[in-house]
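Order of writing sets the labels: A, B, C and D. Residues in every chain begin at 1.
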C-alpha cells in the first residue's frame, strides 16, 4: 500500500531545526506509518546557510521568507523552530493557511498570544503539537504508564529541577541569532520559559493541574555585552527561578531552574512520591528510571534502578536489543512517530497547542508571583 | 598527666539518649583530651527502665526527677535529650545551677523560649552546645573546609531536603512517650522543627544568614488516634514543609522536608553551587561527598565521588584505615570530641545556644510564612 | 565541491545490517567528508524481506546472491553483516573483485581463515575495517586519548567482562537464521568469539599485545531444540568463558563473558589501573567514563564520573549540546565517519583486518587453553 | 539475672587489636547476652605502649609475654591479633590451656599449621572462631539469607575481587612491626592470604566448596628497603593474585586481588549470578546490597539498590533507625555478639577453625597453581 506523503516545511535551522530534521530523517527507518515524511522545504533568512542546511539534510527546496513558505500549496505541515517571539505570528498565518503545525516550546511569549494561537488552530481544525520532547524519553513515558496504572496511589509530593551552568561567565554576551535565549525580547523570559516550561509540561502530564504558586527569580549578572552590537546592555531575563506549588490533587511541589548550577549541563530531574510508590528520573542518565514500590517484600524493598532498554518498555522494541541505550535525539523521533500515528488513527498526539497553553498559564503565574512576591492562582484551560 | 573528669548527667534515654551515651562511651577510645567523660547519672521518670539503661551503658547512678539531677553537685554537665517542650525549663535551671549544657535540637519551642535560654546560659558563662550532629559527618565537615578555603567562589544556589516516609500509614497513632514527635504540644511543630532544623543549621553554617523566606506546610493525615489514650484527635503538626529562601550573600535556596516521601528513610541532602565549584551530600551515603571543580581540565572535568575515609580528611585519622567507612553514630562521637577539645583549648565548640537560636529564628519565619502565605524576613542574632 | 560517491553493497539485514544502515543514513547529517555514502544495494536470500528492508532504508537495489553483488561494477564497498562462517568466502571474493570491505566481527571462524583474509585484502590493497564498534563510544575513545597522553603511567591491571543473561531459559531453541549465534557451525564459538572478541579488541587497542592466557569455558545447557527443525541437539558453543592473561607490558588481566549472568543485558565493562591513574567504563551507561587521578589533591582525590557529552570530548561537537547523551548506535556512525575520513586523508581507519586477526589469535589461544587446561602463548601479528 | 563474665586476653594492639577492643567495648550496649565481656588483659612486647593501650580501652592488666597470658587462670578467652606467623604457636598453647580462642585471619601460614590448630582446638573442645568479619556486614548477611531461602536457583557464576592501592610507591619500605604484611616471613604470602582469604571465606560460605583453581601471581616491585634495618631486600610476597575457579556446584568463578589498583582503597566486591536472581556487594558502600530478581514484573524489573538499614534486616534492629548507616567496625561487634550467642545457646558461631582451614586449603591451591602454572584441585575439609 502506498504511503501518504506528509510534506514538511521547516522554519529555522538552529539546534532545534537539526533535532527535528534528524527525527524526520530517522522515523521511517524505525517506525511504521501510513504516512511518509517528505522534507519539502526549509526556511531561514540567510540564503547561503539555509541552502547548506537543505543539502545536508536533503530538503528539496529552500525559502528565505516564512510567509512564502506558509503560502506554498506543496507544504502540509509547518514546523516552527525559531525564537519564541516569532511563534505566534507564524502559527496564526499557518493555521489560516490550513497547515498542520508543530511548534517549538514554549508555545508563546505570554498567555494572550498563546490563547490566540489555540483559538486559530482549533478554528482551522488542523493537527498540532508542541515540541515538549521529554515526554517521550522512554523512561519518562514509562513513568506515565506506571502512574496511569495506579501504582503510586495518592500523590503527596512532586519535585522537579532543570539545572545548567553555561551562563556563569560574565563575559558571555547576550542576544543576536546565536544567543537569543538570553535576550528577553526574543525569549520572553529566561530559564522560566526555556527550562521550567519543560518541567511544567511533564508535571501537568504526570500529576495534573497546578492550583497555585509562589515564586522567586533572580538575574545574577545584571549587564552583558550584546553579541552583535558589542554594546553593554541590561540583562532582561531571569537567570534562575524557583517556585513552590500546590497541585489540584493536593500534592505539594518544588520547582527550580537555573543556568548557574556549576557542574550541571542539562540536569532535568523529577521525582513523584505517592502513597504506595515513588518514581524519579534524571536527564543526565535518561535511559534509567528509579522506581520504589512499598509493596515489595521488606528485606529486599528498595529503589529499583531500571535500565529502560528492553522490548516491553515504551518505544524500545523499535530500536536495538536489550541493554543498548538510546539517547536524547530519540525523544524527537518518538514525537514524530506518535504524531504520524495520530494522523493514521485519528487520535491526535499530545501535547497539542491547548496543552502548551496550560504550561504557559503556569509560566505566567510564576513570573507574576516572582514580581508580586505573593501566591498566584494558575489560570486553567477549559 | 591525670585527666580532668567531666561528669555527665543525661536526661532522657530514648533514641537520642542512646546516641549520646554511645558517643560518651566511645570518644575516649578514639580521641585524646585532657578531659575524661564520666557517666555519672542518667535521669528519666520510669525508674525500672532508667535503671536498665544505666546498667547497660554504665551510668553510675539514676534519678527520676530532673530537678534533683540538676541540683546534684557531682554533675558537671547536663545533657538534655527529652522532648522539645522540656528543653527550656531544664536549660534555665541547669544554667542557674552553673552546669554546662548540651541540648538536643531544636533548641526550643519558639524564639522566645530560645532567647531566654541563650540569655541564661550566657549570663551563667557555661559551655553549651546544641546537638546538630550532621555538621560532624566527615563529608559535611569536609564541605565546610572546602568552602572556607574559598574554592566555590560567589555562591548562587543552595538546596536542601530531608525526606522520610514513616508516617504515611494513617493507622499510625500519635503522641505519648514513643511518638511525641507527632504531638504538636511536645514537639512544637512537625518536620519543620524536627528535620528542617537540621537542614537550616547546616545551611547557616555553610552559607551564612538567611534573609527571608516564603513557605508552605501541609498536614496530609488530619486525624490520628492517640498512642496512649486511643482517642482520635486532630493532628497538629505539619507533615510536610517547603520553603524558598534568599540568603544574605545573594544566593537563592529551596528547602523541603516531609515524612511522606515513599522510599526515603532519612534522605537528608544538600547541594551548594558556586561560581567555581559545587558540592553535594546525601545522608544515605554519608561517607561520600560529591565535588565538582570547574577549574579541572575540560575533558576530565566531572563530579568527583569522594569516598571520605582517608586520614587527611576530617576526623578520619582517628578511626580505621582508608576505604573503611564509619557511620551515623560517629557524628555524635565527633561532637563530643570537639566539645572536649573546646574545654581543653578554651575555644568553645559550635553550634552553641546562640547558633541554635539562629536556626529557631528561621524555623519561626518559615512557620509564620506558611500561615500568612507571605514572604517573611528572618530575625537575626546579634 | 562535489562529493565523491561511495557506493555501498550491504550483505545481511539482521541486527547488524540495521545498525550499519542507520550509520550510513546518518553520517552525512553530522560529519563532513569529501565522500558521500550511496546506498546502492542490499543483499540477502529472502527476496521479499530484502525488498522490504531496501524500501525502508532507501537502498536503490537488491540482490539475493552475494556473488552477484560482489560482481557488480557499481559497488565500491562490500559490507559483510552475515554469520561468521560466511565472512571468509565473501571477503576473499570481494578482495579479488577489488572492493573495499567492512566486515562484522569476529573477523573469521579461526586464525587460518583470518590469515587468508588479511593476505587477500593486503594483496588487493583495498581499504578495510572490522566492526569493533565499541572503540568509538566517545567515552572509550576518550579513555584511549587519556592513555595515549601517558596519564596512567606503568600499567598494572586490566579487567574486562561482557555479561548477558538471554540464554538462561533451557527452552530457548538454537540455530537457524534468528539464533545462529547459538549454532557452533555458524558462529565458531559462543561468547568467546561473540562477546569476548569485543573485550579483546578494546584491550589490545588500549593496552597492547597479550602474551599468554589460561582459560576455562562451560556449556551450562547441554542440549537445545533446533529453532527450525525442532530436533533436540547437543549445544556446541561455550555459554561462558573466563581467562587470565598477561600482557606484554607486564600487566595482569582477567576477562570474563557469559550469557548466564542474571540481571545483565549487555554489561560490557573494562577497567585499567595504572601507576598514576585508573579508568573504568560500562556499556550500560556508555556516556560516562570513570577516571581517577592520583595526582589530584588529597582531600578531594576521587573517582570522577565524567559525563562524556561536551564538545571537547571525542565526536561530541558533531552532535547536540553539553549534557545531552548519545547512545549505542552512534558508535557505528562514528566508525563510518572515521572510515570516510581515512579515505579523505589517506590514513586508514582502524581496526583493519590485521587488527581483527590479532583478536582472532587471542580468541584461538583462549579456546585452546580452555580445552588443554594449560597456559597458551598468543600468536602475534607481524 | 547476673551475667556470666567472659574474661578476654587480647594479644596484639595493632589495627586489629583496636577493632576487636572496640567490638568488646560496644557489644553489651547494643546486644543482649547471658555473658558479659570483661577486658581482663592485653598483651604485647612493648610495655609502654601496651600500658597506654590498656588505659585507653579499659583493660584491667597487661602482659608482655603471651605465654604468661595464656597461663593465667583469670583468662577465659585468648584473642590472637598478631602477625600470621605467630598464630599457630599461640593457638596450640591456648588450646592446651583450655582457653576459648578467637584468631585473626588467615588462620595459619599454611595448611599444615592450620590442620594442627584444628586438631588441637577440637581435641580441647573449646569454642573458637576466626575473624572473617565481612560475613557480618548486614548486607553480606542478608545476601546469605537470600541465598539460603533459595531465591537464586542454580548458580552459574561467582566473582570477587579485593583491590587496594597502598603499595604502588616503590619507596614504601617493607617489614617490621608496622609493615609486617609486606614481609613474607611474617605474612606467609601477600594479597593472597591477606585479601583473597576474605573473598574465599565469603565465597565458601555463600556458594559452597571450590573444586579447583588456576592462578597467577605477580610481584611488581621486586625490591624494597626494610622498614627497620633500611637494607634493600627482595620482596617475597605476591603483590597481586588472580585465579579462575570451579565450584563443586558447577558454577564458574573469577577472583582477583591486588595492592596496585590505583583509586581503590579497600574495594572488596562480590557478585553471584543464579538462574533466578543475582546479588552484588561492595565494601566501599557496605550498607547497600544490589539485588536483581528475574521474577519481578518485566517493565519494572531491575537491580534493586537495597539500603540495608531497616529493622527487619540482619542486626539492624539493635542499632539506630531506618536510613541511618553503620560502618566497618560494626561487623566486628556482630561477630562478638554472635560468638556470645553461641555460648548462650550452645550452637557455636562460625567461621570456626575448621572453616578457616578450608579457606587455607584454597589459598594453598592458589599459590601452588600460580607456581606450577597448572590447574590444582583444592583439598577439602571433612
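Keep in mind that, in the parts below, a residue touches a chain if its C-beta (ideal position, glycine included) is under 8 Å from a C-beta of that chain, and two chains touch if they have at least 3 such contacts.
What you see is a predicted model; the values in this text were computed from it and never measured.
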Farthest chain (mean CA position) relative to chain A: D
Where chain A and chain D are represented by their mean Cα positions, the distance between them in whole Å: 55
Chain A and chain B: spacing of chain centres that average the CA atoms, whole Å: 42
Intercentroid distance (Cα basis), chain D paired with chain B, Å: 36
Multi-partner residues of chain B (at least 2 other chains): 264, 303, 307, 310
Chain contact graph, described as a line, ring, star, complete graph or other shape: complete
Residue numbers on chain B that touch chain C, as the complex places them: 142, 145-146, 291, 293, 296, 298-307, 310, 312-313
Residues on chain B engaged by chain A in the complex (per definition of touch): 156-157, 159, 161, 163, 165, 168, 214-216, 218, 220, 240, 242-244, 246, 250, 252, 254, 256, 258, 260-264, 273-278, 292, 294, 303, 373-375
Contacting residues of chain C [partner chain A, same complex]: 15, 19, 21-22, 25-26, 28-29, 56-57, 164, 166, 264-267, 283-287, 307, 309-310, 319-330
